[in-house]
Amino acid sequence: MTALFFLVALVLLISAVGVVASRNAIHSALFLVGNLMSVAVMFAMLNAHFLAVVQVIVYAGAIMVLVLFVLMLLNIKLENQPALGKLVIGLAGLGGLAFLWMMVPLLQRSFAAIPQSAVDVQGSVREVGKLLYTQYVFPFEAASLLIMAAVVGAVMLAKRRYRA
Amino acid sequence: MEQNGVTALGYIPLFPLIGSVLAFIIGRSKRDAAGWIATLASAMAFAVVVALVMAMPEEAEYYYRAFTWFSVGGFTLDFAFRFDHLTAVMCLVVTGIGSLIHLYSVAYMAEDEGRHRFFAYLNLFMFSMLLLVLGANLLVLFVGWEGVGLCSYLLIGFWFKNLSYAGAGRKAFVVNRIGDAGFLFGMFMLYRQFDTLDFAELAQAISVNASPELLPLYFVVALCLFVGATGKSAQIPLFVWLPDAMAGPTPVSALIHAATMVTAGVYMMARLNFLFDLAPQAQAIVAIVAVFTAMVAALTALTQNDIKKVLAYSTVSQLGFMFMAAGAGVYWVAVFHLVTHAFFKACLFLGAGSVIHGCHHEQDMRHMGGLWSKMPITAATYGISTLAIAGIYPLSGYFSKHAILAALEGGHNPALEGLLELLVPMASVTAFLTAFYMTRSFAMTFLGSYRGHAHPHESPLRMTAPLIVLAGLALVGGLWLGGTLPHYLAPVLGSPAEHGHESIIEGLMHSWIGIAGIGVGLLCYTSLSQIPATIYRVIGPLSTLSLNKFYFDELYAAVVVKPLEAIARVLFRVVDQGMIDGAVNGTAAVVDVSGEVARSTQTGQVRHYAFFMFVAALLMLFLFVFAGRV
Amino acid sequence: MNFDTFPFLSSLVFLPLVGALVLYLLPFFRPDHDEHGTLSRGFALFVSLVVFAISLLMLTHFDAADSGYQFSERADWIPYFGISYFVGLDGISVWLVLLTTFLMPLVVIASASVHKKIRGYLASMLVLETAMIGTLVALDVFLFYVFWELMLAPMYFIIGIWGGKRRIYATLKFVLYTVVGSLLMLVAIFYVVWRFYEQQGHLTFLLDELQMYTNLTRKEELWMFAAFALAFGIKVPLFPFHTWLPDAHVEAPTGGSVVLAGVLLKMGLYGYIRFAYPLFPRAADAFAPYIATLAVIGIVYGALVAWAQSDIKKLVAYSSVSHLGYCVLGFVAFNAVATSGAMYQMLNHGISTGALFLLVGVLYDRKHTRLMADYGGLAAKVPLFAFLFLVFTLSSIALPLTNGFIGEFLILTGSFKTFPVLTVIGTTGVVLGAVYMLTLYMKTMYGELDEGKNGDLTDVNGRELATFLPLLVMVFWMGIYPQPFLSRMEPTLNAYFSAVAERRAALNVYENDVAPSQDIVLEREHQQARPVRESAAQPNLNRAVEG
Amino acid sequence: MTTVGLKDIALSSPVLLIGGGSLLMLLVDVFMGKREWPRAFLAMAILLVALISLGVFYPPFQAGVMAFNGFVYADVFSWLITLLVLFGTMLTVLIGMNVLEQEGIESPGEYYSLLFMATAGAIVFATAAELVTLFIGLETMSMALYCLCGAALRSRRSSESALKYFLLGSFSSAIMLYGIALLYGITGTTLIEPIAEALSRTDTVLAHCSLALILIGFVFKIGAVPFHFWAPDVYEGAPTPVTAFMACVIKTSAVGAALRVLWVGFGGQVLFWSGTIWYVAVLTMILANLVALRQRSLKRMLAYSSIAHAGYMMMGFLSRGTQYDGGAAILYYLVVYTILTVGAFSVVLAVTAKHSANPHSDDISRFYGLAERNPFLALSMAVFMLGLAGIPPGMAGLLGKFYLFSAAVKANYVGLAIVGVLCSAVSAYYYLRVIVAMYFRESDGAEKFELLEPSVALGSVLTLCVIGAVFLGIFPSALYESAAAAMVHF
Amino acid sequence: MVPVTYYLTLSALMFTLGIVGVVIRRNAIVVFMCIELMLNAVNLSFVALSRLVGNLDGQIAVFFVMVVAAAEAAVGLAIIISLFRSAKSVETSDANQLNG
């Protein structure tokens, strides 16, 4: 089980680095798709099955397609200026390392202390659905409003004006 | 001190005040009426004074409390008048000679179109002088003190079109103000010590605690008050304003700068004799200053060519004599000389006025001469007064001057022991010089041939009448007052030491100084006219010194006025605008610049924003995670 | 209409405001019909005269012997915070209120020379009057602060809109200088109020209660007094903080200068008297010598710099610095004679400097220049003006029988007892005062008249005379018979001295046996147990505060 | 606990109504044709209905009233915040009424519906009792705002501001989300109240770290200094009604939410976050006021001014107590701040609307001599500026600052109060500079910027705000006492 | 059973990469993708923690985060298109008209 974990983790990290590092936007989009897939696998391993499926459909399916579509639409060429100024990378990298240096040991220490709960939580559709429509009904409705806002906004912004 | 509230006392100053206001208002339309209103007002004041003097029983004092000026936190002060023998004498001099000068001015200022203003100021001066003299406490005296300062400012600068005259007025006021500041210090110290400024209370309080540790206080107070006196009565440090005060019309010089205002210092010392007696060292200083002032003034008068300047310096010199007497502690002699001086100096000034009037505003003696024939009355009165001032036997000048020299020698003041050998000869030399320069002025004006190009004529009766009266008083004043004055003033100034009656021959004998002075004077300026030129060459430096008035003006300008002006400019330019304003605008600029620096972080690049946010997030995390308590 | 229940003070405070609103808002509804503003000037004059009449009526009902607050009115404003609309009058503030209501009609009459937006000008003046009277009668610390700040806005507009060339710099400097000072005072007020809250349990902004019960340690007192002293020092203006005054005066219109010099400068010293000293007596004693030294420096410095001026208004402005130096010296000497002299001198300064500014205004209206060099020998041309100028000059240099002398003499005599050396130096100010004022008078009035430049000068006309006559009367009345004024101050002052002394003793008692050892004021730890629901205890991590 | 009763719906009726309203607006938009005013009337109608519903279902006065099984607060505090949000939105709709055309917004229908969605999001964000719901509210609000900022399609500045707001907004909300995740890991729940109990038991360092991350989200949304970089550019770029909306409504809900999370959720850890809040407040006040000094463009100056006021409000976070605490001061200040800022923006709108096309349309020179051209506009702007500066005629501003500073001094943060006082003195300069431009400078040739003739809507907003700015200061007790009551049951 | 700390470390790594990506990259779309990366990292840690804690709240949160991500994508790309329409470029460095 852990071997699979490390394999998927490796794929995940490589694709993440690929997203950040590749100069061509389309490559980074494709790397992102790879990354999303590996996250979906992770979900499955953590038996959040419903989420794994949703991840694949929503993220990989819908969002990435939209992104690729827009990339193609605007035929973005390679980033013309030198994408990665030396100083900026250095500093950002250093910052990232500092962040990790602070967070990772902290995570280890505090979460190791917390005992793994006995309940073997199963993220099946039924469980999630039951919870979603009873307890989380208010955020669910709010989320619907959120999507509505996104749709209306997107249409308003991107609609081509036909004016005389 | 009984409270027989004699309202009449209130009327004395009231008449000149009303006169001043009426003269100004009525005078605006009818110019001539102003003169008569003013003269009438001062005459009525004189009448009231005479009536009061007559009605006043021996040893009595009138006291009149007009109203409580202010009472604040236990310090009450009444606007009150007090009329004792000393005040009587002063009031008689002020109102008497004042009225005469008013009469004289009516004619003198006849064709000056601003005369209603002149008479208003003159009456206002009379009002202030009376306040000064009648005041029952130091504060009312001080009110009069500064009031006369103001009127002298206004009258000196009366012909304000000429900026130098206006400057002279300002100089007079400022120098007086410096003296007044000294006077104020004296008052503060008295108030702090005794919580009162009323003469009676002060006298009583001081007599009660004349304890040794208070002596230094009396010394300092006496000295401060004397500084005030030097300002007002033109003694050494602060006398520079008097010669310039001649810029005013001549009656002003006569009234203010000869008879009344300049004597305020002497009156003040006489009034506070109980204080000065307790400060012998202070009195010594007064005497020394007085002698030196007299000497210097006399020397300067020697070389003056302007007739009024001569008389001005002579006044300074005679004031020196009065302060000698006061310094020696014999106050009645000072008052005696004050009175006699008022007579003949007023007469001299008015005489000079009628000469100037006659020669159509010619003041330089070198352009006069031989006026004896053209202006006999003026010449005669001028001659009598010259004799009086020189101190020739029967005239009043002799008695008072002789009394001063006697007082000086008499040595009442212990502190003066050592100095007498120096002071008495100097006084005598000064007396000699006085006689000399007065004869010089008389000779240059009236004897010899007329050097001017106007055609002088005798002044009208309204001008010559006062001259005659004053000359008469100068003649007979000495004899009459010599006897009665000491006893009259005894209740206020203490009984004088007895001295025998002199016979005529002794009189003549003692006035040898005066006779010698006149003799030498006549000799130089009538027949052997080239002698004075040779003398000047011989004593070279001394004569230039005297010619330039001992460079006092230049000294003050260099030491005080110029540096102060420079400091003022520096303070304004450098300190005010440079440093303080600079600091204020500086902080504003710092805030502005730091605003600009802060603005530069707002580059407009999303990348930069993201980076700054990331750094800030890291910092926050660091603070939280590691510092624990932040 | 019995007068003992008539709300004198509230009517005095709010009538001008109502007048201003009517004056300003009226034409919004009806287009402007009187272009050259006679109607609005008349209305403004009417309002100011009514207010003056009310104040006179109040004066007649003012019981001279009573040392406490009179005509006091009280109403809750913000009860939750213990802020109330509490106004009252006592010996200290009665004459300043009278001075305000007395000067305002004169300013309105003198506003004839203002043509641009006259309605706005008069409205601002009336609002300013409300703010000034409000500040003088407010006895609730916050109410005082509001009126104190309210004074800024109208003055800002008056200098800003109707001022001279550098008006924007001058007015911004004036406002910012005062705002910084008064905001620091606001923090000090809060500090005192919350100390009171901790010690007494309830919240109040009433001056009497704060003064009576707020126990502060010596160090706290010093800090608080410093904040108050700075705010009031800027307004007085005390020596180092005075540089806004000449700019504000030079650029302000005539009316603005008169009000600024006449009343606004008094607010600073009034603040010291009413708030700084009673609340922090011990700190006041500690600061007294320094403030006195600054005051004396102000006297001599102001006089000297005034002498170096070529602009008449700037000269008079610096003379105000010098005059107010006397008032501060008088008050800080803190004995009956000096303090009543200081308060009396405040009135005199209002009258004489106000008149001087009006005179300069008369000249400025005709010749539109303030430089001495442009004038000369005017006495022959305009004799009445010369006479008036002379009288007010004499009043300004404190000549006996004018009002200036009484004030100055009392101050110097009284303060000689507490600060002998400083008073001696201060007295030189009397001499310097004569120097620069007479130089001004000589350069403008005496000498040759330049027909070309000033030949067509017309003398003071009827309207202008109407502004000068009342001032003239006051100069001589207050000079010759000051007793009615002083007698009304006396009882309040005595009560004031004893109150401050008593408070000083109480604080000393509090200091040595009650107050825990206090280091710097910010470090005070106070643990307040509170229910868990709220939050853990409210500790203050002052290390962070210091950072 | 699980079923949704009628009570829940009643208590959160405003949110639902506004959400429904936005959809209704979309539906009806089709039939309204080109004219804009019918849409505006509909918008106002919806808002009024929401306000009425708010009034009708007045919540009982006790602590901890929840709706929707613990996911939404419905106590007095949330009631007040909702009222304030709706009030702000109403003002925005009013000032935006017949100005949208000039501001470059071609599609008013979408504009109003997005506005309502943002309002609904804001209410959810402010009254959420559960972190995920809070996040959803935040995102709804942000999504709608990103689009609203970019609504003026023709102008590049507007789309640029939308991009910046989008990128930085989602970046910061991602960080916040990470904080929420960690917090969930430690406490096992995402409901605020249980989190507080959990934290009081296990106080690990990671909890503080998650607190820091969440705090970053809030500080970003409030617009305080370390994370304020987006605010000036977005405020300036967005169309003016949207800017006004952001400056007031969004800041109100952000402060409300932050107050709720910090005081209730992390009440126990006050020791940890009070220092940070102190630094944030000081930095915000100093930096915002300093930079505002240098601004010539009015909208940008008002942006920095709103950042500065956020700094003053942060001061209120530090002084918590039974009575007279910072919370009530913040609530009162929010009301005053909304009135003054909306008023100021409406005047800016009136002055610059005609020429919003060219980039420097809102330069201060545009205001020269406004007093002659339109005295009423100039007078109202003067009142707002004096209010924001806290100088008496603008009484409300003075009282607002009064409450805040007094709360700070009560909590012994005297140093902070002094910094605040000095910064507001500095702020007086650039507020007064506007008055200088209007009253003291003649309108030299500025005649060509003829003004927008003030429509009824704009006129009513101005008068409302002026009256509010003055009288809210003179009679503040009503508002302040209700705010204090809210804080007691917090 | 893989211990939860591995997952958390992994998500932290991914989160950091996401942040670094946002800071470094100039192309708006790539920045947007990096933000998606960060959101995915958070989802991962949510699910991991949900297993640790033992209740489904974490997974529900992930569900909602996905909703948000989708909405973000739509709006983000719409904004980028409208910007491209007027600025002819997707580089964030070109979008700096608003500054100072």
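Letters A, B, C, D and E name the chains as they come in the text, with residue numbers starting at 1 for each one.
Note that in this section a contact is a pair of C-beta atoms (placed from the backbone, for glycine too) under 8 Å apart; a residue touches a chain by one contact, two chains touch by 3 or more.
For clarity, every value in this text was computed on a predicted model and none was experimentally measured.
Q: If you walk from chain to touching chain, how few steps can bring you from subunit A to subunit E?
A: Between subunit A and subunit E, the shortest chain-hopping route counts 1.
Q: Mind listing the chains that sit against subunit A and also against subunit C?
A: Output, common partners of subunit A and subunit C: B, D.
Q: Tell me, which chains sit next to both subunit C and subunit D?
A: In this structure, the chains that contact subunit D and also subunit C are B.
Q: Return the chain whose centre of C-alpha atoms lies at maximal distance from the corresponding centre of subunit B.
A: If we average the C-alpha coordinates per chain, A ends up farthest from subunit B.
Q: What is the chain whose Cα centroid lies farthest from the Cα centroid of subunit C?
A: The most distant chain relative to subunit C turns out to be A.
Q: Write down the pair of chains with the top C-beta contact pair count.
A: Result of the pairwise contact count: A-E comes out on top.
Q: With centres defined from CA atoms, tell me which chain sits nearest the overall protein centre.
A: Answer for the innermost chain: C.
Q: Between subunit A and subunit B, tell me the centre distance in angstrom, where each centre is the average of that chain's C-alpha atoms.
A: Between these chains, centre-to-centre, one finds 103 Å.
Q: Could you grab the centroid distance between subunit D and subunit E? Build each centroid from C-alpha atoms only and quote it in angstrom.
A: The separation of the two C-alpha centroids amounts to 26 Å.
Q: Would you kindly tell me how far, in whole Å, the mean C-alpha position of subunit D lies from that of subunit A?
A: About 31 Å, centre to centre.
Q: Just how far, in Å, is the C-alpha centre of subunit D from the one of subunit B?
A: Once rounded, the distance between the two centres reads 79 Å.
Q: What are the residues of subunit B that contact at least two other chains?
A: Only 599, 602, 604, 606-607, 610-611, 614, 621, 625, 629-630 qualify.
Q: By residue number and range, which residues of subunit A touch two or more other chains?
A: Counting only residues that touch two or more other chains, subunit A contributes 88, 92, 95, 99, 102-103, 106-107, 111, 114, 136, 139, 143, 146, 149-150, 153-157.
Q: Residues of subunit E touching 2+ other chains?
A: Residue numbers touching two or more other chains: 8, 18-19, 22-24, 26, 31-32, 50, 52-55, 57, 60, 64, 67-68, 71-72, 75, 78-80, 82, 92-93, 95-100.
Q: If I apply the definition of touch given earlier, which pairs of chains qualify?
A: A-B, A-D, A-E, B-C, B-D, B-E, C-D, D-E
Q: List the residues on subunit C that touch subunit D in their complex, please.
A: Touch list, subunit C to subunit D: 28, 77-81, 131, 142, 146-147, 149-150, 152-153, 156-157, 160-161, 167-168, 171-172, 175-176, 179-180, 183-184, 186-187, 190-191, 193-194, 197, 203, 521-522, 524, 526, 528, 530, 532-536, 538-542, 544-547.
Q: Which stretch or stretches of subunit D touch subunit C in the complex?
A: 63, 200, 263, 267-268, 270-271, 274-275, 278-279, 319-322, 324, 375-376, 386, 391-393, 395, 398, 402, 405-406, 409-418, 421-422, 424-425, 428-429, 432, 435-436, 439-441, 476-477, 480-481, 484
Q: Taking the touch rule as given, give the residues of subunit B at its contact with subunit E in the complex, in rising order.
A: Of all residues in subunit B, those touching subunit E are 599, 602-607, 610-611, 614.
Q: Which positions of subunit E touch subunit B when the two form their complex?
A: Per the touch definition, subunit E meets subunit B at residues 19, 22-24, 26, 31, 92-93, 95-100.
Q: Can you list the subunit E residues touching subunit D in their complex?
A: Residue positions touching the partner: 8, 15, 18-19, 22, 28, 31-32, 35, 38-39, 41-42, 45-46, 49-50, 52-55, 57-58, 60-61, 64-65, 67-68, 71-72, 75-76, 78-80, 82-83, 85-87, 92, 95-100.
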